[in-house]
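Labels for the chains are A, B, C, D and E, by order of writing; each one numbers its residues from 1.
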């Protein structure tokens, strides 16, 4: 975003125009980036699950099925969008947007590379959590406005689920912040630079496990996928949606998965630091500004590799576990995860104190 | 193996209600293979002829003589009972510790042209004995008392018989059609029901 | 009490291990349009009518469970939309005028090319 | 302008072909064959239709698998109307094509699904083998490729 | 804290729902999430099998019989054919008895495997569904080579079997039953002690003994409540006398007990199949598999009650035959018709997702209920 604004400065526009153009340009860039990653993610999930169950995933479109999700999204684009008669029209129309826009905002906050053009702010990790709770309202209105009993149940279930999983997440975030000292994601990542031994995951292994379970709940992935569990509520809150609105809800869910995984890598597994401490780009040390872009690309490579590892783990879990019972999940959140998070907080403070002495 | 009692299982049942034993299993009777009186009078198997190849039973195939089907395989007890005291008999058979028929396998209804007939198939696990109780209901006032409070699996069974044969069961909890849609006219499994060309 | 906590966790990892072990086995899908399974001679596919050795005894019409899939009057017609491919007619035909073919691709767009009709002089 | 329209139409046809999402509608024996098609031996995921959508809103292929009885026909009609516009129907099995063996001797079976909803592909055999269901799907895709796309871009 | 008064919500799990196996409508009164009352509406798949018997001859009705319980076609055709044989006093040869037992046990395994796949899909795990179907496809291939069709066999006739098992089929069955032991061990490891599975199915849907007797439940659901009742042991038909197998029962009457029993029954059936193969392999040469009964002009008369222990419970076929070519009346006593009635009894007070698990564990399929 800042890069683009410098170019604009040369053509001496008025400064408020530069500010808005920068934002709009970055917004479009991010949405394109999101759509591409989500398409790859959906195709990857189908092929990956097919590998587990000894069958072949989609292989009719493209060379080995690579254009499959593009075909899906275009088909959804051209489908007729139905407005159910007794649904409140305005809420019914607005709720996919409420779910999709915050997910794009989430992408602005995540620092993909050290000099990346994301929204620099002192409290970016906390801001991430705040923006993360906006899709809950979208899901609730989507469920309740389409007036079918299944979607009402689905909407209520998913919003209770996400709220009850945010408390352990924020407690774990507090423990990480205490350990690293800053709220800003960039500084957290710089704190973890160097070889992978001083990543945050090793002193804070319990925190990582709690964060992983709560993120599964937040993303509605398999052991806790209550809202759109096929066998109970037929299609959960997106039961009445078809065509473009359903595509938006579908993309939002996968984008949420990718974003939460990047957030997890940033907090625990050293976002864009390479595990071996130094960057390949430093070797070339060409000084004509070209190494600056090479370094960024390599950092981008590292963060996406780590997120993909996490996503493979999540999908591996999706292939092998039945679904939890709804009240058991709430029990898990309130009675087990929150005390564990508080205990983890004390452990972190103790380690911080120990590290202070040595 | 539980000791099988003497010849006539339903000795005191005959004293209480007037029942007619239609079939007595030979395995009890083969004491020196002389047939006792009950076995003799059952041997009337009556033939019945009508052309087999017409596709549907048109209503003008009047029957030469009705079927007196009581030659049953495998040999179980068959009792002919009056319609009025069906409830007392079933309750007596179920709760009296001497018989202990506590499972109603199923209720078979059959339209025998002159009257409708229900056969209750009972089974006792304790004495490993099976018995069938047959009741006639004539077609004009087709009513019979329900047994769904004695055997609770008769609930759906009676609704099915009401749906397919049209026999009304007195004080049945909720007598509604289960197989056919509510607005269906007629009772399909009756012999005089002709399958229309509904398309 | 300890293994009451670690036991479930051990079982969870065992579940992951099983799915991983299964993912290493080769996939079992039959690539249908390219490779087709060869059917043995008992397979009940499309029923073929041979005019020569048919003596028009109408036994096949009488034995068929769905009452009038085979109609024999001026034409000999089999209505594949109604036939359930049970093989009764092939079995009871005295002159082997009907044979079973292993062809099972019978999907079609309109209904009347599912009816096979042959002129009987 | 012509080139753009024809390329959009080609894209529209290609995308519709490759992602036919079937609806989980299985009444009797053909439903079991439909399940074994989605299993791993005869994989329907290869044709992009592995996602079995529960609600009729998001499905666009209705495989009528199994016998259709009198009591079930109004529900099938409502399901068909709830589906979004470019929708296709495969009548799977003899009971759906023409009432099968129940046509002349059963009082409660509807004689063929085409008396209620328009059918694209008829698939006889009772129950049709999973391969013949995939063969029907291939014929449906060929049919969609030739005739004009229908739906919005007529 | 006294109970918060919430108003009842009436939700109907409609005929077209992923987890009702087939078409059955459950009108559920929900109080929040707990189930108050379940009213089942059936009849969406009633095809009038019993009326068809009256208008078709004995041979015409033979292929129709497989469609009554399409997951275990051999059991229905055995019940029907055995009834006619009882009436006509036909004795069937030793070899056809063995062929009938082996095909019936394989069919029981296929139906239990399908149940396992769908039950796990109801609970949310998707991969066991695919593993069980891989095994099931092997059984269906064996049936296809033997009888000609994957699910509708039309293989038994009055007095024996239509075709002999040749050598390749026997070796295929032998190969399958040896590999099945390992495949089942994998499946058990994946599901049996999984804590999520245990928490989903432990002490859920308790079926008491009196309730089981009152609703005349048969089959695995009865044996899960601790009553040892299996027709193969009480009244051994075919060759179940000289085959040693045991009938597993368990005492804790909940959904998990039914799951464990069905897995054990799979193992038992596998043992039976292996014993049958050894006998069949030894006398491959005796070919008398059918006693010559003229099926076209069959005229039995009397009432016949033929029973068989199908994969879902006791199945009875009651035939009123009056000495003509058409049966006078055939009544099918199908086990699922009675298992459906107890859903209301045992699913009170549980959550909505438990209702789906309980309904899945009863192994009900709709053509048996609606005939």
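Here is the rule we go by: a residue touches a chain if its C-beta (ideal position, glycine included) is under 8 Å from a C-beta of that chain, and two chains touch if they have at least 3 such contacts.
These figures come from a predicted structure and were not determined experimentally.
Peer 1: Strictly by the touch rule at the top, which chains does subunit A share as contacts with subunit E?
Peer 2: Intersection of subunit A and subunit E contact lists gives C, D.
Peer 1: Which chain has its C-alpha centre farthest away from the C-alpha centre of subunit B?
Peer 2: A
Peer 1: Hey, which chain ends up farthest from subunit E, C-alpha centres compared?
Peer 2: A
Peer 1: By CA centroids, point me to the most central chain in this structure.
Peer 2: Smallest offset from the overall C-alpha mean is found for E.
Peer 1: Taking each chain's centre as the mean of its CA atoms, how far is subunit B from subunit D in angstrom?
Peer 2: Averaging C-alpha atoms per chain gives centres 46 Å apart.
Peer 1: Indicate the whole-number Å distance between the mean C-alpha point of subunit A and the mean C-alpha point of subunit B.
Peer 2: Here subunit A and subunit B have centroids separated by 68 Å.
Peer 1: Just how far, in Å, is the C-alpha centre of subunit E from the one of subunit B?
Peer 2: Each chain's C-alpha centroid was found; their separation is 26 Å.
Peer 1: Where the CA atoms of subunit C average out and where those of subunit D average out, how many Å apart are those spots?
Peer 2: So the centroids are 19 Å from each other.
Peer 1: Multi-chain contacts in subunit A: which residues touch at least two other chains?
Peer 2: 50, 52-56, 150, 230, 234, 319-321
Peer 1: If a residue has to touch 2 or more other chains to count, which residues of subunit B qualify?
Peer 2: 53, 55, 179-181, 188, 193, 195
Peer 1: Would you mind listing the residues of subunit E that make contact with two or more other chains?
Peer 2: 17-18, 43, 46, 48, 51, 55-57, 64, 127, 130-131, 134, 137, 152, 190, 194
Peer 1: Run through the chains and report each pair that touches.
Peer 2: Pairs satisfying the touch definition: A-C, A-D, A-E, B-D, B-E, C-D, C-E, D-E.
Peer 1: Would you mind writing out the residues of subunit D in touch with subunit E in their complex?
Peer 2: For this pair, the touching residues of subunit D are 23-29, 31-33, 35-36, 39-41, 52, 54, 66-67, 69, 71-72, 75, 79, 101-102, 105-109, 126-127, 129.
Peer 1: Touching residues of subunit E toward subunit C in the complex: what are they?
Peer 2: Residues 55-57, 59-64, 127, 131, 134, 137, 144-149, 152, 154, 162-163, 186, 189-190, 193-195, 296 of subunit E touch subunit C in their complex.
Peer 1: Give every residue of subunit D touching subunit C within the complex, in rising order.
Peer 2: So the residues of subunit D in touch with subunit C come to 40-43, 46, 94, 97-105, 112, 114, 120-126, 128-129, 131-132, 134-136, 138-139, 143.
Peer 1: Within the complex, which stretch of subunit C touches subunit A?
Peer 2: 12, 15-16, 18-20, 22-23, 25-29, 31
Peer 1: Using the touch definition from the top, list the residues of subunit A that touch subunit D in their complex.
Peer 2: 46, 50, 53-61, 65, 67-68, 70-75, 77-82, 150, 230, 234-235, 238-243, 246
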